[in-house]
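Both complexes below contain subunit A, partnered by subunit B and then by subunit C.
What follows is the complex of A and B.
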């Protein structure tokens, strides 16, 4: 009987998620003909070999951009959202409103708000440059600069994502034991000691959760790169996800795109497992 | 508090830009104070079939919510209340779906959609998102938290399983239903890559894809583009603000339930 109730969900997962994952692996072994599937040619691992040999942009540089972006999102996002959560954890009307303000960007469509940030970074009318000019600081060129394009996209993405992880941390803070903090304060611990020795260890499960979902979502991030930088300038923001879109849907090299998808899958899975492992080890040793 | 204002600054800025003329000089006061050029809005509104795009988004998002609710309630009920062989294994399979990034699926699902003639239809934008791991997990958690006796007693009464779920189960897991509906609705409204790849005609495209196309065609008309950003984002932001309490408690309870 139970099978019957789970069947609708399992059918959708099988047809559109589980089956297609295996199918991606299959397609990645072909020189795939997008117009006429029958004309596709089996070429073994050749797609993976040309992946490693690619130059404009090189596969390794795209992989590095993915890691750069995801690393910054995980480290910056976790630190920022933990800090905000600690600031906002006391109730009250003003802090409640601040919570909503910090969460609001997360509710907006990436297409729309990333366009808003393109103006912010615009060299003629942009808010960022106008403010920098007003205080006589040099303007880095933001999205037009190979060095600053990625940090600009990261700034937008942090603005968009942090609200959600703040609330996750608030959820974690809400269920930690108040007695322990009380006891620490009675023993004369200062705020920092209390955080470091009492609060932080209890937040580890939530932190691990935040780190895992942030790394999965940032490895997949696509829309802000499409809207803000189109992978440029000179491939400076071409990540694996953006490259996959370009190869498969702009240049129609489906087999090659599928090989990229498999690599992205492997990287994501490796990341997740590694973080789970480390999490297990930390929680065992403490 | 200051941080809160800083997070709102981009919203303010895009509203001001949508009311300025393109030739405004770049002084701080000029770009931060509106000049009330309402013509930007009529120019943006005339440039694309917005009512149709909004209607498509609403239709797709609502249908996805209904389907996801149905599949999550059925599967969550089965995993939480019913006993059957292979339950643990199937639940493990469902959870493993979380490990598969959406970007991996876009190529094979495009090929599949092409094979079954679903490209450029509503179907391809609804059905693949009509099952949610998060939804199943949440419903299961709610049912696990209820005393099993409720359902045993109903069984003695001879209530059919499906009626039991409908008349006893659903009222008890209402908070889960609210959380799932809001999250699926917002995710559907805000999705881009999927409909962007899977559709090509404005007849079935959602508003976000229309906005991206508008940005591609009118990239230099900042004020009109800002106006389009404002009127496409306002409904979804309003939706969030009215229901923000549910979004925030939903996310908080997700994290509160996370164990190492």
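What follows is the complex of A and C.
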């Protein structure tokens, strides 16, 4: 009877995950005509070859932008959320309100709040430029600047995502042993030493989970790029997932888009495995 | 585990499976079409006229059509913008649930025709050039055919680019409305400073070029070489194109041009922070709303460039009929398309929305509108010479290369010739890939 119990889950998983993934792999081997599939042509690995030879934008530059965004989100997001969690871990009405304030952005829809941030970064009437002008600082152009567009999207994404990872760290902080910290303080450890040598090592499993979750969600991030910068200017915010959307659903080069999806799937899976292995090794060594 | 619990679980699983199957079955049956029944023929029209006077006028025209043709019902299917419209049309075609009629740009029509999902005009009109065809402006007629020489589209909402200006600001500075691009630059530079910029443009995105790219295209055409040849070959690094991009770079360096997003020219003009805006004639309603009577809104056709010849960029879309419609729907759709392109409908449409009538026969019916908007006959005249997007499937993607060149030159400071050489190389690759499909 075991198979019968797993059948509903297996059916759902097959219909919505395994089936589409296999179909995407199949489509990636064709010059796919979404309008009239009878006119699709089998071209083998040609989509993967043109992916490596593309120039506008190049596959490598898009991969770099994905890495840039993911790196900033993983490092910046983890550090910020850990810092916020340490600040907010004590109770009290004010800190409770602060926790709500930090988490609230995460509860908002990305599509709505990213549009609000587009106006914050608006070069003519935006709040960011108004503040900079008030203190006589130059305005970098934000989303219109090839240098500042990606940091602008990262700033928004951190604002939106950090609330969730703060909650994860708060959960971790709530269950670690207070005796070890107390013993460290008795032995004369200062606040930094206590955090570095006692608190954070105990948070390693949570940190690993945060890093994996943030890596996956960052590599797959799309909505903020679609709403805020549309991959520009000059492809400065064209990540692999945005490029995939553009090729598959704007220019309708579906086979090429499917090849990109398979590569993105492989990259995400490889990153996750690497992080799991590294995490296991760290856990064993500690 | 008890027998009862096991039975409940099995029943629960069966119910879940039945729900999924019912949902799937529901999805597949929702797209059924009326058309072969003996009652009124129902047709659908997918378009983006979702706002303001565009929506209200289309609804009124459609009601008038249904009153005159009680056996035809038109379902208006709204989409928020052209990008979404293209995606929805494609998805509907792929799902074998295409609308009867849809708005299309020329490159989309080429893509649809290559995939055999739209009908040539001759199939539902009985002739490649039915009677109404001869009433259209020459530029509009030319815009209906695909490279095979056959007509596949019928006109609906056509437009050209117009310069909107703050007439009061021009007067206060003793400046004349520009008739040449040189004079345009002089005026823009003269007013710039103290929070005012001559013009604000948005190059757009690679998926959706905007006013800045249209300005570049208009400038290149005014210098003698449009961005694409008639056969769709990109000409992005022609001397005319380099001159056009250098012109924009010079304006930016002088502080007379600002880059923005979300219709920055219209917003700046309305906020009295800009002198000019370059936009479609169909933007007249929105420009007027932005200005809100704060000053006199000037309108003029595009200035001339180094050739001295009037040039313009044609915008707006045509209509097509998709395959999959029944004979009755094809006939009803054709009746509706002819109605929308008729002189009286075009007069009403143009008078309410700012789009240009596609037939000269509409002008005598628009005397009130023309009295208030004297630019209209000249703008309509531009339909004879305006450059339309060549009807090739790769052109939309290749236009994205122009956007990148503009961004590189205006933001990164890349030399215009270098930026356009890169754009040309990439556009040629787009052409090669598109032609191979």
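Throughout what follows, the second predicted complex is superposed on the first by the 280 of 286 C-alpha atoms of A that agree within 3 Å, B and C clash if a C-alpha of one lies under 4 Å from a C-alpha of the other, contacts with A are read in each partner's own complex, and residues count from 1 in each chain.
Quick note on the criterion: a residue touches a chain if its C-beta (ideal position, glycine included) is under 8 Å from a C-beta of that chain, and two chains touch if they have at least 3 such contacts.
The structure displayed is predicted, hence computed values, not measured ones.
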_Partner chain in contact with A:219 - subunit B first, subunit C second, else both or neither_ = first
*State whether A:68 touches subunit B only (first), subunit C only (second), both chains, or neither.*
neither
_Touch test for A:195: subunit B only (first), subunit C only (second), both, or neither?_
neither
_Contact-wise, after the overlay, does A:113 reach subunit B, subunit C, both or neither (first, second, both, neither)?_
first
*subunit B versus subunit C as contact partner of A:48, first or second or both or neither*: neither
*What's your read, subunit B or subunit C touching more residues of subunit A?*
B
*What is the contact status of A:124 with respect to subunit B (first) and subunit C (second): first, second, both, or neither?*
both
*asked:* Tell me the contact category for A:8 with respect to subunit B and subunit C: first, second, both or neither.
replied: both
_Let me test your reading of the model: by the given contact rule, A:257 touches which partner, first (subunit B), second (subunit C), both or neither?_
first
*Touching subunit B in one complex and subunit C in the other: list those residues of subunit A.*
1, 5, 8, 12, 15, 37, 122, 124-125, 249
*Which of the residues in subunit A end up touching subunit B in this complex?*
1-3, 5-6, 8-10, 12-13, 15-21, 23-24, 27, 37, 84, 87, 94-95, 97-105, 107-113, 115-117, 119-120, 122, 124-125, 127, 129-131, 133-134, 159, 163-164, 167-172, 174-175, 204-206, 208-209, 216, 219-220, 222-223, 226-227, 241, 244-245, 248-249, 254, 257-258, 261-262, 264-265, 268-269, 272, 279-280, 283
*Complex contacts: residues of subunit A adjacent to subunit C*: 1, 4-5, 7-8, 11-12, 15, 31, 33-37, 39, 50, 55-56, 118, 122-125, 141, 143-146, 230-235, 246, 249-253
*Which residues of subunit C touch subunit A in the complex?*
6, 9-10, 13, 16-17, 20, 83, 86-87, 90, 93-94, 111-112, 115-117, 200, 203, 205-208, 258-262, 264, 267-268, 271, 273, 396-397, 400-401, 403-404, 407-408, 411-412, 425-426, 429-430, 433, 437
*Flag every residue of subunit B that touches subunit A in the complex, lowest number first.*
1, 3-5, 7-11, 13-14, 17, 24, 26-28, 31-32, 70-72, 74-75, 77-79, 82-84, 86-87, 90, 93-94, 97, 99-112, 127-128, 130-131, 136, 161, 186, 189-190, 192-193, 197, 208-209, 211-212, 215, 222, 225-226, 229, 232-233, 236-237, 239-241, 244, 247-248, 251-256, 258-260
